[in-house]
Structures are given as structure tokens and as C-alpha cells.
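Read through the structure below, which is laid out as C-alpha cells, and then see the notes.
So that you can tell them apart, the chains are marked A, B, C and D in the order they are listed, and the count of residues begins at 1 in each.
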Amino acid sequence: MQKDYYRIIIFSGLTLLLNLLIIRFSFNFPKEQAVSLMGFGTLGKLSMFTGRSIRILGCIGLIGSIIPFVKKFNRYVNLSFFTTAFTTVSAIILWAAVGSLFDIVGLLDLSLRLSTPIVLGAMAGMLCERTGVINIAIEGMMLTSACIGFTASLYLNNIWIGLFCAILSGGIIALLHAFLSITMITDQIVSGTVINILAVGLTGFIRRSFLLKARLTRTAILPIIEVPLLSKIPILGIIIFTNQPIVFLMMGLVVFISIMLFKTRWGLRTRSIGEHPEAADTVGINVFKMRYLNVILGGSIAGLAGAWFSLETTGSFDDMMTNGKGFIALAAMIFGKWHPVGAFTGGLIFGFFDALQIIFQIKNIPIPPQFLWMLPYVITMIVLAGVIGKSIPPAAIGVPYRKQ
Amino acid sequence: MKRFIIIIIVAVVVIAVVLFFVLRPKKVVEVVVVPEIKVGLVTDVGKVDDKTFNQFAHEGMMRAAEEFGFEAKYIETLQPTDYDKNIQTFAEEGFDMIVTVGFMITDATYKMAGQYPDIKFAGVDQFYAEPLDNTMGLLFAEDQSGFVAGALAAMMSETGVIGIVCGMEIPPVIKFRKGYENGARYIDPGLKVLGVYIDSFVAPDRGKAAAEAMIADGADVIFGAGGPTGSGGIVAAMEKGVYGIGVDQDEYYTTMGGGPAPNLLTSAMKRVDNAVYSAIKAFAEDTFKGGHYMNNASNEGIGYAPFHDAADRVSKDVKARLDETLEKLADGSLETGVKL
Amino acid sequence: MNNESLSLKGIVKVFPGVVANDHIDFSLGRGEIHTLLGENGAGKTTLMNILYGLYTPDEGEIRINGQKVQIKTPSDALSHGIGMVHQHFMLIPIMSVAENIILGKEIKKSGLLDRKKARNKIKELSQQYKFDLNPDDLVKDLPIGTQQRVEIIKALYREANILIMDEPTSVLTPQESEELFSILRSLKNEGKSIIFISHKLKEVLEVSDKITVLRNGKVIGSVEPDKTDEQQLAGMMVGRQVILKVDKNKMDRGAPILVVKDLSVNDQRGMKTVNNICFTVHEGEIFGVAGVQGNGQTELIQALTGLIPFQSGEVTIQNRKLSGENPREVTVLGTAHIPEDRQKYGLVLPYPVRDNLILCSYYGKPFSNHRILNFSFIAEKASRLLEEYNIKAPGIDTITDTLSGGNQQKTVVARELGREVKLLIASQPTRGLDVGSIEYIHKKIIETRDARCGVLLVSPELDEIMSLADTIGVIFKGQIIKTLNIEESTKEKLGLLMAGIYK
Amino acid sequence: MKPLNIIGRAQYQEIIIPFLSIVTALIIGAVIIYTTGANVYKSYQGLWQGAFGKPRAIAETFVITTPYILSGLAVAFGFKCGLFNIGVEGQLYAGAVSAAFIGYAVRGLPHFIHLPLAMLAGIVGGAVWGAIPGYLKAKTGGHEVINTIMMNHIMLKLTDYLVKNPMLDTQASIPRTPYIQETAYLPKLFPGFRLHWGIIIALAAVFLIYFILYKTTIGFEIRTVGYNQNAARYAGMNITKNFVLVMAVSGSLAGLAGANEVLGLNYTLPAAFISGYGFDAIAIALLAKSNPFAIIPSAILWASLRNGAGLMQVRAGISIDLINIMQAFVIMFIAAPKIVRWLYRIKEGKAKAEVVLTKGWGK
């Protein structure tokens, strides 16, 4: 009880302070002169007086952060966090938009795209972990399949076959993980580390042996697809229904895996194995087979995430091009409490702040870029510490299943 | 269960074998030459095929080695603390000349040059406060290169907004960016230049995202300055149908894989390969002299690549003005205004 | 024997170092409740795991309805109509009853799970056997007895004809056990055959049609219940005459040592499971807490020993008030604690025995000095305890995990009683142990009492409470509803109290 | 007689399995070298000579071994308490930045005060950076795995900012901090070699960590928490305190590694200081099965592979990628001894209690 109270005081106190700062900040803009322009795609744009708008936001946040102090509303401490997060981000966006158009639709579109590999990676990890196999090798799987997918698409001269090979190679690398951690009963984190190291070596080696000697550097990239009719919807049409295949696949997979996990036989069995493998075994479910299957499926999704880098985005492959996104995906997965929608949210937060960082730089906000780069990481830590709290992993995770 | 695993293992083996034979590189017939003189190259953190200066330096070295019959080897550095060690490895293997690539190796090169006075050193992007007799600092006027790119971008832009996607915030990149901005303003002082640093040289996805955000903000020329990250920006430009400008080397051949690339205007060249080549050439012809060697517009150390597929879209006037700018930079009548 | 639904012939199963099943023959008639009786480690569970496909036998054959069958996996067993209710329930706590039941034999509609149909089917089955189950409840929220019914429904849902019940009564009250027996009888009347595994003689005699006794992996013999009695069965089971009664002197009650006043404790989910409990334990007294599992015993013990905080009330040990949630404080006051789950709380299994023996005293002199461990003293002390408490381990450096359950528990007991103690809090101290170890630990508890310590003993085994305790408090829904002297308590009386019925 | 024999076999296996693992990895490496058409003998000769061929090569191997030991020890120490510290990279930076700052900014101190002060700054920097995720884990349940990954990224950016702005040496042609005062130099061990006293400090740290872990009550608590948190609480140990303590010590080891690099080797901190030690450290700790003394050989192995790679590249033109592939196989074979046993038909020795390396998500 007492601990909770401190938490409320500290958190709401901080948000209160932040909102007061925002209100103070709003007076920096001369009345009637500073105008922010927000673009909403085809819906047109909205122009607002910067100072006044920021002040209104600050007041909303202030109310939100005062509420938890009232004893009756103690449990709304998360509300105060979310309103303040909203007001702070909005206030900074308004600041950035002074004098120039700030394209909200573009920002969201970019966020969704940048979140794609993270969400996919998180779901890859989730599939493994839901059956009780830890996967810290998402990074390695993504890197390998980015490389293999690209190589195959070059040599076979067909990007769709390349995409298929990327997914396949993700699955094959995952098979190694499954073999090591399920059959060989290796510590699952060790096995993941092996794959991460191997991936760096292997891709570097393949790139040098097959790509550079052959002087091949570039392939086509996956086409942009506009969903007929739906892409005409204002705002959503651009953000959701006009995208490249892997983004669509990602969104589809979030829905599909949610349904699969919670509504189908396969999902029920998968979850049961992650929670209590003996129980699943005693009702005749083949634990080993299900684990293999899920780890390989997870790897294939990681393969898709890898293809996003090489085939969908850039049409080239560079060493280490996944740039630690696999580890971010791991964070998104834990953040999302091993749920596809949670993983999607987590990935989106990263994508959003990464996109925001770029746009802030373009808008010349006088903050050193290093601090903007930090943004997604700091936000994740705060959210994890204050709002999400403890996320409980599947009970049997990391424990190899042994039959007698 | 067992059958299931066996099927998968067999499938993997078959795929692996097929891939192995399909993708097996042609064996290069080795010509055995017995060279007497050995040239070595130490990379900045990264590999000799990183599409940036490491690769170009390596290519320049290979060209020279072939021409003069030298034996050429390289060491790829993994961590900055290994610079000294890698240079020493060459020195103790009896190499006669060592090329070090990147400004990060400046101090190590200088130190080792003092230790091994008989070996000649050439350092790409390196400036020594008190140069030794056996060290040659190969410097580049990136600002001039960026200036030319900026001038071209300003002339080609219709919206009055242009963009630059940079890699990490390090001196050569900063010089490119500032040169680009000044070049654009030289043509059109009211021009808006959008710029973004990305905290990695190998994040083409984020480079692309940055470029897209700029294009959404009205930019119609994107200069990608920073390895694969910048190339990501160019890819975005190609996709969205706006102009792109490459960096360092002619990206028409590297990033765009030899075309077609109707929207790739040109590349802001930084001839690391030429500089390394000339340094080795000087050594081969015994004209090696310590000191700094500035590669700029006046000695064709920087410049711009051919327009290739975009040639018919660049008008004669534009080209004339561009060449004039380059000439002015070369003869010193025009300054880029970049100080670092 | 055309009425034989199952027969096992010459089953052999060898584990490294142990012959768990040595040429076992067993046959089960249709509509029969056949009990497998034996001590822990006699091979009952191994045999049933073989039958259920969890283990593969090294030798022997299994016939079902006269047909020879191969059972390699549980799904083979299920397809032959064998269902099993495991001693440790095979239920997934965070899933619903329905999900647990249909797992492995799901009803599908156009690719998705048909929850509605599953729910109906479960309701139907539970009505048929008067189970009163809600398919949407989460398993973790259900009482133990209900969880067991979920397990039974799980088997029935799979249309099992042969039902294996592995020690089903170990977690139930006498009343609940009675209900279970009537369920078993009605199952039997429907023509299902039941293998009932137990080591409790009374209930075995009550429920079975036939009893087969196992000892050390061998079949000792089969008897019919009306032609035998407890003494004979016990003799067959243990191989010698056992004294089921514990010898002890009359209590010599001293000053109060543990006083619990109006204590309330919440469990992990924030439910108040201990509700204003009051009782006192005196020097030289064994205070037994009797009650069905899940009535707040676990939380009570954890709060008393400082593992979890308490909401209100006060606890005094040796006239010192506890500050709450501080196990060290409780230990320093001279309290020994034998936890209910020795592997989870009491021991660090990968540690050598030596380290487990100092787990609660490592921080003080002479075990350590200025935070540096005094190894010579520790080794000496550990060897002494090893000998004194008769722990069968090759040495003090033996990894605890490799010891048998009895020796592991002895390690805990040695550690806790091997230091100066004024109060012993023991929770289910003999759970899952063999008869020899049980006797030993009972003896130690009595000795502790006779050394003028207070003992708080919590056990769901009424027999254990009745043979050890001097005073018995019955816990029901987080309260001690009645305190009795041993002289005035009978099993029937206690059983009613445990079920919450008292006058 | 018989039990003795079995014990003998177990010990023999403890040596033979790692040995065969390395041999097998080398064989796989040879096959890969062969497929690229290079000379296997020349490659391995280069690898060996590059690592141990000359006094200087040996010295260089130990120069790399130094941070490997310290950072590997940092990860292993976390494992002992069931904490997975992926944040060694960030903590190393924190140590390097702090040490560099004290090294150049504090003037006029004698050597025997300035050097320890700078090292202490590195230790404290790393400790603080490590303690934060430890505290968050204990208090809010935030996973140390995520938090340390986040802290890595944050530190990377922070270092970049610091070195390019407040700590920039404006005289230098590259973005780096000013050179540290000579009074803060960590002296070289032998004249003419880069090998410095850091290796001695690292070895001392191994002994110290071993002592703490196995000879003190602190270590007893840490190991107990690592194996069984419930039992630790039962025994009256403070879990929160241990989490914070372990992460702080782990961070301080990493910070010391960073300080060593600055004070003993570079004498400055450049902006693009990419170490990568943090991730190698995980591999080294896993290879050593978190045993402090086993960290030394595994660090040497890793260092020699990396140090030899240079000469291998010069002699045979083999890319450094091969080293990564071989390292992956070494860990794989050591972690999955079944494969090696199967390959070389070695019978299983006496069953031993398994070494718990990691605790999944730290339940």
C-alpha cells in the first residue's frame, strides 16, 4: 500500500512538473505571431496559434496529473502518465511545426514502416517463447535472412523468390536454434548467442564470396501496393492501405497470430506447452514437434523481418545492416507481454519516436541529434518502469523439456 | 517425430548442397608473381568492401599494385584500439609502404611512422600537426565536393527545397553537409536545405526513412552523404521520382548497380582511390615526399560523376554553370566558406 | 478372463541405479476399482506412467481387452481409453477450465476452436456426475478439490474407460475424499475401470474391489479388502510390522513463545486468506494446525516466517514484536522453519549439502568473520550435522540435488534444528517421504518439544497431526475455528471441523 | 578403484571436450577456407603467428585479453546472480568517459593519486550505469535485459554527444577528448610493448571476484539468489540489495575495462569509439560457464583469434568473418557437448550437477 503511494506521488509529481514546464514554455511564443501548421493528408491542414495551443495542452496534462493525488482516483496514475506523454509529445510537435507544415500523416506512415521489422521480430520471438524457448537470436536470424534473401533474389533474378528464400533461411537458422536448444538441451541463451555470432560471420562471408566477387550490389525492391478503394480513405488510406508487401504482411500477421494463438487448436497447444509442457504431453501433444514447429515458424517471421531490410527497403545488403533492431524487437516483445498486439504497440512506439527524431532534425529543432536518437530508448525505459510494470513470461520458458 | 526431423535435415542438406554448387564462385586463376615490394592497407573500423572510403582506398591500392607489380595486402580493423597493432603487423612483415584509411587512425599512423622511419606511410583523411618525412596525409576538400553537389541540387530543384541524408556526425561528413548547404545558397540564397544525421553508416532503412520525410516536406533533390545510410536516401529519391545525388564514388555503379537510374543526377566524388593510387605511384617512382597532399577541385581530387541516364534532363546551362563553379573552386576564386 | 479390461505382464523398468519395476503382473477387471498400494518409491507411479505412455518399459507386455498393445506416448494411451489423474495436477493455471479440458482433443468449427460447443459438452459432463463446474473459471482460482474434478472430467471427456487415479486423496479433506469415493463408485457403475493408487490403508479398504501391494518394484501380493485388515496390509507394504503410533510423553506446557493476535494476511492475488487469526504456542507444546489445504495455512506460515507481509494484527516471538516481512529477524529470534516446499524454499539444489546446511546461519560468527566465510568451521559443523541427523550422503560436498527426498528433508531439518532454537515452525514436514524418514522426522519433532521448544506444526495429514500434536487448532477459511486438546479430539470431530461444520 | 576411475574420466572430459570443440571449429574453418580457394596451411600459420609468433604478438594478444577478461567477468558475475547483463558495452563506455574526464581535466596531482582516481572514476561510472537497471529490476520488475539494451544505446549517444561537445579537444583534427595527463597513465609492463598494467589488474580482478563469490558471505548470498530466489528470501537475504549490488559490481568491472583502454592504451577517447567488447563478453562468459578462472583461458582464446586474424588476413587474404564463424562453432560445441561426444564417440562421464548459466527472463 505504502509503496504504491510513493509511486503515485513520484510519478504524478513528475508529470505535474513536466506539464507546468510546458505551460511556462508556451509563453515563449509571441501572441498571434507564431503559428503551427499541421497537415492531415488529403483532409487539408490545420493552423493553430502555437503558444495558445501548447498552453491548452499543458492544462489538459495538468488536470490529468492532478487526478491521481485525489485519494479516490489513486488508481488512475497511468492515466496521468498517458495524458502527460500525449501533451508533451504534442507540445514538441507544435513547437517543431512553427512556421512550417508538419505532416502528421507522413509521420504516422513513417512510424508504421519503421516499426515493421521490430514488430515482426517481436512476433518471431513471441512464437518461440510462447512454446517455452527463449529466443535472443532474432537479430542473427534477421541478418542472415536479409543476406540470403538478397543473394537469392540477385542470383535467381526474381525478388519474390528472394523473399521466399529469406523466409526459408530464417526458418533454417531457427532450426539450428531448435536443434541446439530442444534436442541438444543447450542453454537457450547460449544457443541464441551462437546464432548471433554465426550470423555476423556467415553474412560477411557470403557477401564477400558471392556478392562482391560477382560485382552484384543491387536488386529491385518490393513494389508498393495500393489496396483498391480502401487506399482512397483519407488519412488511413495512406498510412495503412498504401504500403509495401511486408508492411501489409506485418499487419496481417499481427491479426492472424492473435487469432491463431487465442482462437485455434494450434494456439491452445502452443500456449499450453509454454506454460506446462508435462500437462500438454499427458494429453497426447508432441511437445518436441510443437516446439520445433513454432521455433521454425518464428524464424520464418524473423526471415520476413530480414527481407524488410534488404528486399523491401533498400534493395541492397550491407554488413550488420539490421543494426541491433533484433534486440529492440526483443524489448518490444517483453514490453508487449508476449502478445501480438502488445508487440505491435511496442514496435510502433519505437517506430514513432524514430520517425519523430528524423522529423525533428529536419525541422531544425535546436536539440543535439544525440538526444533525439536517445528518445525511443529513454521512453521505453520509462514506460517499462512506470506504466507497464512487470510482464510475466510463459511459465516454462527457458526450461528444456526432457522425457525421462 | 523422428521422421519429421529427418525430413527437415535432409531438406536443409539438399538446399545447402544445391546453393553451394549454384553459388560457388568461379575460381580465380592465380598468377604467381614474385613481387619484391609489399604494400599494406589498414582499414578504419570496417571492411575493405564497405562501399565507402575503405573500399575506394583498397581499389586505388589494387590498381597501383597491379600497375607496378607490388604485392598488396590489407587488414580490416575490428576495434579502434587495434590500429597500432595492425600497422605494426605490416611493419614486422616487412612491408614497404602502409596506407591507413580514415581520420580515426591519424594518431596511430603518426606514432608508427616515428617508430618505423624506413617505411612510407600514407593516411587517408589524415592531418598531422608536424608531418614527418615518411608520412603523407591525403586530405580531401569534401566541402568543395559538397558545394558542387549543392549547386547542382539548387539548379535542379523546382520546389526550392533540397535535402541531405548524412551518416554519423564526423568531420568528413560535416564538411560534405556544410559544403552542400553553402553551395546551394551560392546559387539561390533563399533555398531551404533539410538535413539529417543518422547515428550509423549502415542503416539504409533509416536513411531511406529520413529521405522520405524530406521528400514529404517538399525536397526534390536528395544528397545521400554517408555510406549505405546515405545510399538508402538515394534509393528513396529514386522511388519517389525525385533527384538523388550520390557521394564518394559514382554511385551509378555501386548503389544503382549500373542503372538504369534516370533520377540519379550525379555523385559528389571524393577520389580516395586516385589519391591512394598517386601516393603509391609516388612511392614507386621514388618521388614520395612527406607532408600533406590536398585533393581538391584543382587537382581533380574531387569532382562530380557523369550524369549517366540523367544526362538529358540536365540542361546545357546548368552544366555550364556547374563546370564554372568547379573551375572557380579550382582556381581559388570561390571559397566554400566551410571551416572546421 | 473375458471380463479383463487391462492386463500387464512382466513389466520391467530400470532407471540408472534403480529397478523401479521388476517383472510386475497386474490385471484390472471391467467395472472394478483396483488399488495399487505401496510406499513412496515402491514403483506405483512408474508403473502407471508406463501404462500411460510417459515411460517405455524395458520388458513386458500390455493387453487391453485381451489385445496386445504398444503404448509409446500418452496419445496411444488415450486412444486405448486410458485416462490418468496425476498426483501433481496436469493443469495449466492461467487457462480456463474449458481450455484445460479440451486441450489435445479440441472441437473445431471452420478452423477455429468451437468454444460454445466445448462449453456445452463440459456442462453436460459435469451435470452427469454432479460436478458443478463453470467452464470459464480460471484453474488457478479453483480450490484443489475442484481442480481434481477438472482432471477427472478431462479423462471422461476423452471417453476413458480405464481411469488411473494417482494418490488422489493426498490433497483432500476426509469429507472431500468421501465425495470422491462416491464419484468413483458411480463411475464404476457406468462400467469404467479404475486403478486407484494410495498408501492410506483405511481408504484403500473402504473403496477398493481388489488390492495389489507393491514393494521395492515387485508385486507382493493381491488381496480382497474383506479378507484383510490394516495391520496385514501395512506389513505387506513395509515388509515389517510398523508401529503407527508415535511414542511421546505427556506435554509439559511452559510460557507462551509464539503469540499471534488478530493476524490478517493477503495472498499473492490480494485476497485475504488469513483473517484475524489468533492462537498461542507455548514452550514444550506441539500446536498442530489441522485443515484442508488452501485455507490459509501457506500464507499463515509465510507471514509468520517473514516471507510475506501481513496486513494487520501482531505477532510476538519470545515477547518480541515482529516488524513483518523480514525472515532474518524471525531467524535471529531463535525460530526454525521447515518449509512446506523444501525444493522451492528450503534448499538450493545445485549447492553441496554443506552450503545448504549453513543457509540460515552463514552470516554470523563463527560461520563467518567480517563477511569472510570460515570454511574449516563450516566443514566441521556440516560433517557433525551429517552424522547427527543420519543424512545418507557421500560427503558434505555432495550436490543436494542428487540426494533422495528423505535425505533432502533431513538436510533441512538438520540445518533448522542444528542451531539454538526456541520455536519450530514446521509445515508438512513429511510430505512425500518414505516411512523410515517420516518416523525419523516425527521423532525429531518430539525431541524438539521435549527440549522445551514450542512447535507449530501444519499438516493436511490428519493422522500426522493427531499422532504428534498436543493441542490442535482447526483452520478454516483463514481462521482457527476451534482449539482442542489431543485428548478430546477424534478424527470424526476434526473432519467435521475441517469442513467448517461445528456446534 | 571403480569410483576413482569414474571421477578420473569426468575430469579428463572437462579438458578433452573444450579441446575437441576448438579442434572441430578449426576443422570447419579449414573447410571454409578451402572453399574460398585460399591456402589452409598458410592461413592457420598466420593465425598462430599473429597471435603467438613473436614477443610483440603475444604482448598484443594480452593487450586484447585485458578488456576481454574484465568484461567477460562482468557478464559472468551477473549470471551468478541470475542476471543477464547485456549492458556491458554501455557500462564500458561510461567507465571510459569518466576515466578520460578525470584523466585530462584534473591537473597537478601526483601519479599515485591521479591514476587511481581516474580508475576509480571509471569504476564508479560503470557501476552507476550498471546499478540503474539493477535497481529498476528490483523495484519495478523492469527486465534487466531490456533495460541494459536501452542503456547501451543511450550511453552510446551520450558519449558521442559528450566527446563532440563539452569534452572535445578543439585543437585536435578528429573529434576526441584531450589527451589525458601523463600522471594518469597506466604504465607499460615492458618497454617497447603496448602491454600495460591493465592485465595485472584484470587478473587481480579475477582473483578478487573469485574470492568474493566463493569465500565471502556476500558471494554466498549472490549465488543463492542466483540459484533460488525463494530460498534466498527464506534464508533472510535481501534480493533487492543483491540485484543492485551485483549489477553495480558487474558494471564497475566493465567500467574498469573501459578505463583501462583509455588510461593504458589510447590516452584519449575518440568519438567513434566502437568497442564491441560487450557482446564478445557474453560469449566469453558463456564459454567459461561463468567460472571466474575459466574466464582467463576463454578470454585468451578470443583475444588470440582476434589478434591472429590480422596476420592471417595478410598472409592468406582470409576475411575476419571467418573468425566470427569459428567462434560461434566453438561456443556451440562447448555448450552442446553431445555433438562433440557423438563426433568423437566419447562416452558420457559421471553425471554432474548442471551449471546454471542464465535464468531465462529472471523469474
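Note that in this section contacts are C-beta pairs under 8 Å (C-beta built on N, C-alpha and C of every residue); 3 or more make two chains touch, one makes a residue touch a chain.
Predicted model, so just to flag it, every value in this text is computed and none were measured.
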{"item": "Set of chains adjacent to chain B and to chain D", "value": "A"}
{"item": "A-C or A-B, whichever has more C-beta pairs in contact", "value": "A-B"}
{"item": "Farthest chain relative to chain D (centres taken as mean CA coordinates)", "value": "C"}
{"item": "Rounded Å distance, chain A centre to chain C centre (Cα mean)", "value": "46"}
{"item": "Gap in Å, rounded to a whole number, between the CA centres of chain B and chain A", "value": "32"}
{"item": "Where chain B and chain C are represented by their mean Cα positions, the distance between them in whole Å", "value": "72"}
{"item": "Computed distance of Cα centres, chain D from chain A, in Å", "value": "30"}
{"item": "Residues of chain D whose C-beta touches two or more other chains", "value": "36, 157, 160, 164, 319-320"}
{"item": "For chain C, residues contacting two or more additional chains", "value": "none"}
{"item": "Per-residue multi-chain contacts in chain B, two or more chains", "value": "25, 47, 169, 199"}
{"item": "Chains grouped in pairs wherever the two touch, ordered by label", "value": "A-B, A-C, A-D, B-D, C-D"}
{"item": "Chain B to chain D touching residues, read off their complex", "value": "20, 24-25, 27-28, 40, 45, 47, 73-76, 78-82, 84-86, 88-90, 92-93, 103-104, 106-107, 126-127, 129, 168-171, 199"}
{"item": "Footprint of chain A on chain C - complex, ascending", "value": "52, 54-55, 73-79, 84, 86, 90-95, 99-100, 102-106, 108, 111-113, 154, 158"}
{"item": "Complex contacts: residues of chain D adjacent to chain C", "value": "215-218, 220, 223-224, 227-228, 230-231, 233-236, 352-354, 356"}
{"item": "Residue ranges of chain A in contact with chain D within the complex", "value": "134, 136, 180, 184-191, 193-198, 200-205, 208-209, 324, 327-328, 330-331, 334-335, 368, 370-371, 373-374, 377-378, 380-381, 384-386, 389-391, 393, 397-399"}
{"item": "Of all residues in chain B, those that touch chain A in their complex", "value": "1, 4-5, 8, 12, 15, 22-23, 25, 47, 49-51, 163, 169, 194-197, 199-200, 202-206, 208-210, 212-214, 216-217, 227-228, 231-232, 235, 239, 254-257"}
